[in-house]
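Here subunit A shows up in two complexes: once beside subunit B, once beside subunit C.
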Partner chain A sequence: MIEAKGIGKVYSVKKKKSFFRSEKQIVRAVNGLNLTINEGEIVGLLGLNGAGKTTTIKMLSTLLNPSEGTITVDGLDAVQDAIQVKAMVNMIAGGERMLYWRLTGAENLRYFGKLYGLSGNALEKRIKYLLDIVGLTNASDTPVELYSKGMKQRLQIARGLINDPKYLFLDEPTLGLDAPVAKQLRGMVKTLAKSDRKGILLTSHYLEEVEELCDRVYIIEKGSLILHDTPENITASVVKDYHVTIETSVLSAPVQYRMKQGLIGCTLGFTENADSTVMQIKAPFDPTAQIIDLCVKESVSIQKLELKRPRLEDAILALAKEKSA
Partner chain B sequence: MRILSILQAEVVKSHQHNFHNKLIYFSLLIWPALLFVTAYYSFKPFNLSSSSQLSKYMDVNQITMYLLTGYMCYIYFWSLVQSAWNMSYERQAGTLELIFLTPVPRLTVMFARAAGNMLEAVWLFTAFTLLVLLTTGHAGEIHWWNVPVAFILLSISAIVWGGFLNIVFLFSRDAGILFTIFEEPMQFFSGVRIPVLAFPLWGKIIAFFFPLTYVLEIFRDLVLNGKGLVELGEQSFILFCVLALLCTASVFLLKKAEIHAKETGNMVLF
Partner chain C sequence: MWLPFSATFQRNYLVMKRAFPWSFFLGHILSGFYIIIFAYLSYFFVFKKDLSSSFSTYAGTNDYLSYVILGGLLYSFSVSLLMIASRALITELREGTLESLLLTPSSRKGYFLGYVAQGLMRVCVEFAVITSAGYFFGLHLHHINWPGVLSVLVILVAATFSQALVLGSFMLYFRDTYITQNTLFVMMGLVCSITFPASFLPDGLRWIGNIMPLTYGVDALRMVWIEGKPLVETIQLLWKMIILGLVYFPIGSFLIKRMEKYVLEKHFG
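Up next is the complex of A and B:
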């Protein structure tokens, strides 16, 4: 298990005042964060740009020392025992950097494999296996500069798995990828956690991605934790609104009135079309059954009914609104 | 074994990365060859008899060999300037940070990187030097039994120096300065063309700061003057001290660089 206790990071940045004078400025990127990652679990780290996600990942992967707090990886201290920890973790960032573009896919993996102390047959086997699971076997001898974005990202994943890490940190891994490619990548991440039992921390600002993949989510803002729960609970606790859109045969004014009376606590809106009425309902509970009952009672025929469940995205937006209010 | 494996990895990487383009061979052969030829012909018009100023400091009949050895040793050192310059590329590409993400012994990578780059960069001009030797009939002036030890000294010195430069560039992103300091000044002050002894005092002081100066002196004494290592005891000792100093500084700076990077996250800034 990875356990971060009260970690914080303070950067000191030089601000140019004039040609000769510069002033030190303190940037508090992460502030008193507690966080755990278990084996076989996908944990999400959410937040707006500049919230401190990358900084957190870099501290967990030993690239940065926390200014305060401690990080232990299976009992090893990430600062004191950094070299042992490095052997157990790996990090993958989105985007096309972090590869040698003039080397082929296999050569990239071979280079990094050697830095991890792999060699000979074991290394070649590992390279072959990894290229296979990321679907780059055919491109293994092609220079990376000729790869598509998606291929580069898949090679990054292979690179991140070269040392068979127990814990993997993914910093916006689907950044800039087309939807089907991103979907394929998500499948891969899921397999890594569920079949290979790796502990995974994922940052993303695609909320559906986090909702689909993560067992638990940490939401941070300006470096501080504001919420930690399962995606379902976050959504349920923050967003109380269900949205139902229903299209019916034309409703007369009295019927509309009785509908309003019948749905206590809901907000209704009507849009009149030539041969139908579209009713928008916002409710703090799932109002579908009640609506259908009312329609039957009024002998109104239903043409279309759509229930929009609250999503994590709504939760985040609601949280942001709460904060700024 | 680990060292060899990392060395091989660095050689392959530097080969694919810096030498994939055939144009690079232009800069590795034609450029130093041109330097050599221009230097040679700029000496030509002068009176280089035994009564000339220069003859106080060197055997003027050896001028061809003097320049050739000078430029060859210079290329060994210059290739490592380029290796350090590539650090800024790796910083931008983010691969530098990935190297530090691994548990690899850092010092090994820094020196293997220097060695890998040197091996790739120098063989061509070394071959050229030998060719000139054989075709111009100067081969007889060479003390061949000293050649292996001279090359070993040259290579080790260059690698130590290159590893040191790589480490210095973990701190700085302004790699342009390398070219300013090491292109023309290193050629001039290290005694590639003119013996350091012929410099005025201030020139000698500057020469003192380029490790190439010490290497060149020993290299020429071994290969051109046929002196033995015992005879060169004092010079060898000085070179040894310079290299030891560079190694110590490397170990120290490398530790500092990683600590600094872990504080500031500067390994990705560019």
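Up next is the complex of A and C:
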């Protein structure tokens, strides 16, 4: 298990005052964050830009030392035992960095494999296996500079797995990828966690991705933790509103009145069209069943029904709004 | 340390094969060549072979052309080597591969040695080309003590490598290669007895030459190359190079480690 206890990161930044003068400023990027990642679990780390996600990942992956607090990986201290910890973790970032473009896919993996202490047949087998699972076997001898963005990202995943890490940090792994490639990568991430039992920390701006993949989510704001739970619980605790839009046959005023009376706790709005009425309902619960019952009772024919459940995205937006207010 | 060494050597060899750094290669050969041409033209057409007696006293030889050509040869050798080792991490930073390298538990010494060992392949070709050019302009090749030359070069490589670690950490700090390296190279050209003995310089400048391994390397090489003297006579110069290497190495290793964290905090955080 990875366990971060009260970790913080303080940067000293020079701010230009004039052409010749600059002033040192202390920036607290992460502040007293507690976080755990278990084997076989996908944990999301969310926050707006500048929330401290990347700094947190860099501390967990040993690239940066925390200014305060401790990080342990299976009981090993990430600062004192950095070499052993490095062998157990890896990081995959979105974009096209972290690879040597002049080398082929296989050469990249061979280089990184050796840096992780692999060699000989074991390394060649691992390269073959990884190129196969990321679907780059046919492009293994092609220089990376000729790869498409999706191919580079898949090779990044192979690079991130070269040392068979127990814990993997994914920093915006689907950034800028086409929908089919992103979907394929999400499938791969799920397999890594659920079948290969790897502990994964994921940051992403695509909240549907987080909702689909993550078992638990940490939401941070200006470096501090503001919420930690399952995506479902976070959504349920932050966003209460369900929105239902129903298009029915034209409703008379008495029927509209009875509808309003029958849907207790809901807010209703009606829009009259030439041959239909559109009803908009907002409720702190899912009112679909109740609405259908009422429509049946009033002999109203439903032409279209659309339910919008609260999503994690709504929760994040609500939290951001709350924080900026 | 062996695996990072061989991995980095192989990686750089493949990159060099696919994209040979012609600009560096030609640039270093040309800078060595300009020193030779300048010395040749000055010697024959400006001071018409008339050397002052103080030159012979300070330089320990009357063979001005061999003196300058060997200076140019070793200056180019040293500059190439410094550039190869000191630019390693800043190149990773610029190409976006620094993080993936620092994530690995590999030995940084193995990495740097692999970088330098592969770079030496190119430096040796440059050395051979400048030596051949120098031969046509008056570089003597007859009294050479070859084992002595080899020993001087090996010690110079080690000391220069240590100096490059310090230079590399400055480059990372300033995130600059051009001004940082060229300031050092211009200074080396002036104070390391490349085209004239450093003894001609005022005392205020001469001390800078004393902290450059090249100063002792070039003097030692001239002794074993021009005069064919036995290695034992250069022992003091070799010791000075070794001591400088031993001083620069821990300082460079410490600073590089600090700078690795610094750049990640400063430029990615």
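A few comments on the model shown:
Methods note: the second predicted complex is superposed on the first by the 321 of 325 C-alpha atoms of A that agree within 3 Å, B and C clash if a C-alpha of one lies under 4 Å from a C-alpha of the other, contacts with A are read in each partner's own complex, and residues count from 1 in each chain.
As a working rule, contacts are C-beta pairs under 8 Å (C-beta built on N, C-alpha and C of every residue); 3 or more make two chains touch, one makes a residue touch a chain.
All values reported here derive from a predicted model rather than from experimental measurement.
Steric overlap between subunit B and subunit C is present once the structures are superposed on subunit A.
Looking at the shared chain after the overlay, A:His228 reaches neither subunit B nor subunit C. When the two complexes are overlaid on their common chain A, residue A:Arg258 makes contact with neither subunit B nor subunit C. Once the two complexes are laid over each other on the shared chain, residue contacts for A:Arg311 go to neither subunit B nor subunit C. Residues 11, 55, 58, 61-65, 83-84, 86-87, 90-91, 93, 97-103, 107, 110-112, 114-117, 119, 159, 163 of subunit A are contacted both by subunit B in one complex and by subunit C in the other. Only residues 3-4, 6-8, 10-11, 14-15, 18-19, 95-97, 99-106, 111, 261, 264-265, 268-269 of subunit C touch subunit A when the two sit together in their complex. Residues 1-2, 5-6, 8-9, 12-13, 16-17, 20, 92-95, 97-104, 109, 259, 261-265, 267 of subunit B are the ones that touch subunit A when the two sit in their complex.
Across the complex, subunit C is touched by residues 9, 11, 29, 54-55, 58, 61-65, 82-84, 86-87, 89-91, 93, 95-103, 107, 110-112, 114-117, 119, 143, 159, 163 of subunit A.
Listed in rising order, the residues of subunit A touching subunit B in the complex are 11-12, 55, 58, 61-65, 83-84, 86-87, 90-91, 93, 97-104, 107, 110-112, 114-117, 119, 159, 163.
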